[in-house]
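Next come two complexes built around subunit A: one with subunit B, the other with subunit C.
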Partner chain A sequence: MSERAQLLLEIADDELILGWRDSEWTGIAPFLEEDVAFSSIAQNEIGHARALYELAARELGTTADELAFDRKPEEYRCSALVELRLPEWERTIARHVLYEQADAERLGRLKASDDAELAGLAAKIDREEVYHRLHAEMWAERLQDEPRYQAALEELQPLVDRRNGGSPELTALWEEMTSVRRSQPAGTTW
Partner chain B sequence: MIYEVFRQERKGQAFQHAGSIEAPDERFAEWYAREQYGRRGESTALWVVRRDAILPIEEFVDELNRNYHRVDGYPLKEKLKEARERAGTAAPRDR
Partner chain C sequence: MVTEAQVWEALAEVPDPEIPVISVVDLGVVRGVRVEEGRVHVEFTPTFLGCPALEVMREQMAARIAELGAEAEVEVVLDDSWSTDKITPEGREKLREAGFAPPTPRGKATTLVQLQSNGFRCPYCGSRDTALENLFGPTPCRSLRYCRSCRQPFEQFKTI
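Let's turn to the complex of A and B:
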């Protein structure tokens, strides 16, 4: 697999898994407005994943769906940060903040890439991420003096650059995420 | 904090009340307002106003029944009918 395809999958996996984890707040966020906002962020991330998978799929001769759902858990390249199920709001915000920082740097590099297709997509994604970063910053400011939030930042920071694939957290999520697709009787299409 | 949101559907149109949102401060209010009332291209502009910045006026005293202040103050129908009867002419539609 080319370096380009590997990079695309890495980012796409990050966005898909984070989108999935963030969507777990739908219906149970701290208040209704935040529920709508955070669900919308989750949806955006999955939208980014789709665009990135499509780009990779063209190169690899497959489809976005197959890349997103038909690989084995150990083949995913996402960061350990996004794999965790975090049912605590302060940890979720800590992850959101750490992810948006790392993602901003990554998108900045991609936007400057010689690969016009990649740079174009990165610019497009970044226009939505601007709002995600604003959201993360607002929450970071609100929670900055909260010891539990500080502890969460310290706990999660080391995970940002860790990419194992096949962790127990990811495997459990993968089971859930792909169960409908795997239950599809042979020969049927959705 | 409750914020009231007004949205303008097309440029030049009057803003109409869209709904209200709860937000801890103005920045969150902006974010939530964009999300709930601007995300689907349904608005060209929003006004986000703290509810307590609104001066509500709900009572309209009219003790002396000065109905000539109102546009419906002069019911002309009856007077016109009487005048027509005096003059012996029918209402236009009856002619």
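Let's turn to the complex of A and C:
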């Protein structure tokens, strides 16, 4: 697989898995505004994943759905940060802040890339990510003096650049994420 | 034989499935129309990448062009050619009439301080005494604001 396809999969996997994790707050966030916010952020991230998988799929001769759902958990290239199920609000916000920082740097590099297709998509994604960063910034300000939030930042920071694939957390999520798709014979049209 | 002008006219009647007062042409998401040997090629770009209306828009455009007796190919372009500045003046007016505050023009970087300021006008009473309620709303393209003058919450189209 080309370096380009590997990079596309790495970012797409990050966005897909984080989108799933964010969507776990739908209906159970601490208050209604955050229920709406995390659901909307999840929808955006999964939309970005779809576009990135499509670019990779054109190169690899497959489809976005197959790349998103038909690989084995150990083949995913996402960061260990997004794999975790975090039912605690302060840890969720710490992940949100850490991810948005790292993602902003990555998008900045991609926007400057010589690969026009990749640079164009990165620029489009970045327009939407502005609002995720503002949301993260708002929460970072609100929680900055909260010791539990600071502890969560310290705990999660080392995971940002760790890419293991196939962790128990990711495998459990993969089982859930692909169960409906796997219940049908390969090649089913949805 | 179908002409490009006829295709543009037909697409101007295809509504945004989520905000049906505005058409795909008003939204500025149709990036180009080309007619070659009776085949119509449309380049189209999503507003937000996670927009669930994407597929519906694509099918409706193809169906409307089929009514003109031409075969359509609707290509989704994943580049950075769309921003909310591409919404036409007519489109902005239609949004306002339907109770959606149209997006502010792109300019300096969007900041929290700016969004929390009074720079946004209520689409119902025109007052600028409005407050940010939530950066996010019922669809990816909208934020929620509240008008302190007429005490009406409203949806603000995000600037991207």
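In this text, the second predicted complex is superposed on the first by the 186 of 190 C-alpha atoms of A that agree within 3 Å, B and C clash if a C-alpha of one lies under 4 Å from a C-alpha of the other, contacts with A are read in each partner's own complex, and residues count from 1 in each chain.
Quick note on the criterion: contacts are C-beta pairs under 8 Å (C-beta built on N, C-alpha and C of every residue); 3 or more make two chains touch, one makes a residue touch a chain.
Please read all numbers here as calculations on a predicted model, not as lab measurements.
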Fit-or-clash call for subunit B and subunit C when the two complexes are aligned on subunit A: clash
Partner chain in contact with A:I46 - subunit B first, subunit C second, else both or neither: second
Touching partner for A:E54 - first (subunit B), second (subunit C), both, neither: second
Subunit B versus subunit C as contact partner of A:V36, first or second or both or neither: both
First, second, both or neither for A:G120, with subunit B first and subunit C second: second
Touched partner set for A:L134, first subunit B, second subunit C, both or neither: both
First, second, both or neither for A:A5, with subunit B first and subunit C second: neither
In the superposition, subunit B vs subunit C on subunit A residues touched: C
Which of subunit B and subunit C A:R142 touches, first, second, both or neither: first
Shared subunit A contacts, counted only where both subunit B and subunit C touch the same residue: 33, 36-37, 40, 131, 134-135, 138
Residue ranges of subunit A in contact with subunit B within the complex: 31-34, 36-37, 40, 131, 134-135, 138, 142
Residue numbers on subunit A that touch subunit C, as the complex places them: 33, 36-37, 39-41, 43-48, 50-51, 54-55, 117, 120-121, 123-125, 127-128, 130-131, 134-135, 137-138
Contact set on subunit B toward subunit A in their complex: 21-24, 27-28, 31-32, 34-36, 39
Subunit C to subunit A touching residues, read off their complex: 46, 48-52, 78-83, 109-112, 115, 133-140, 144, 158, 160
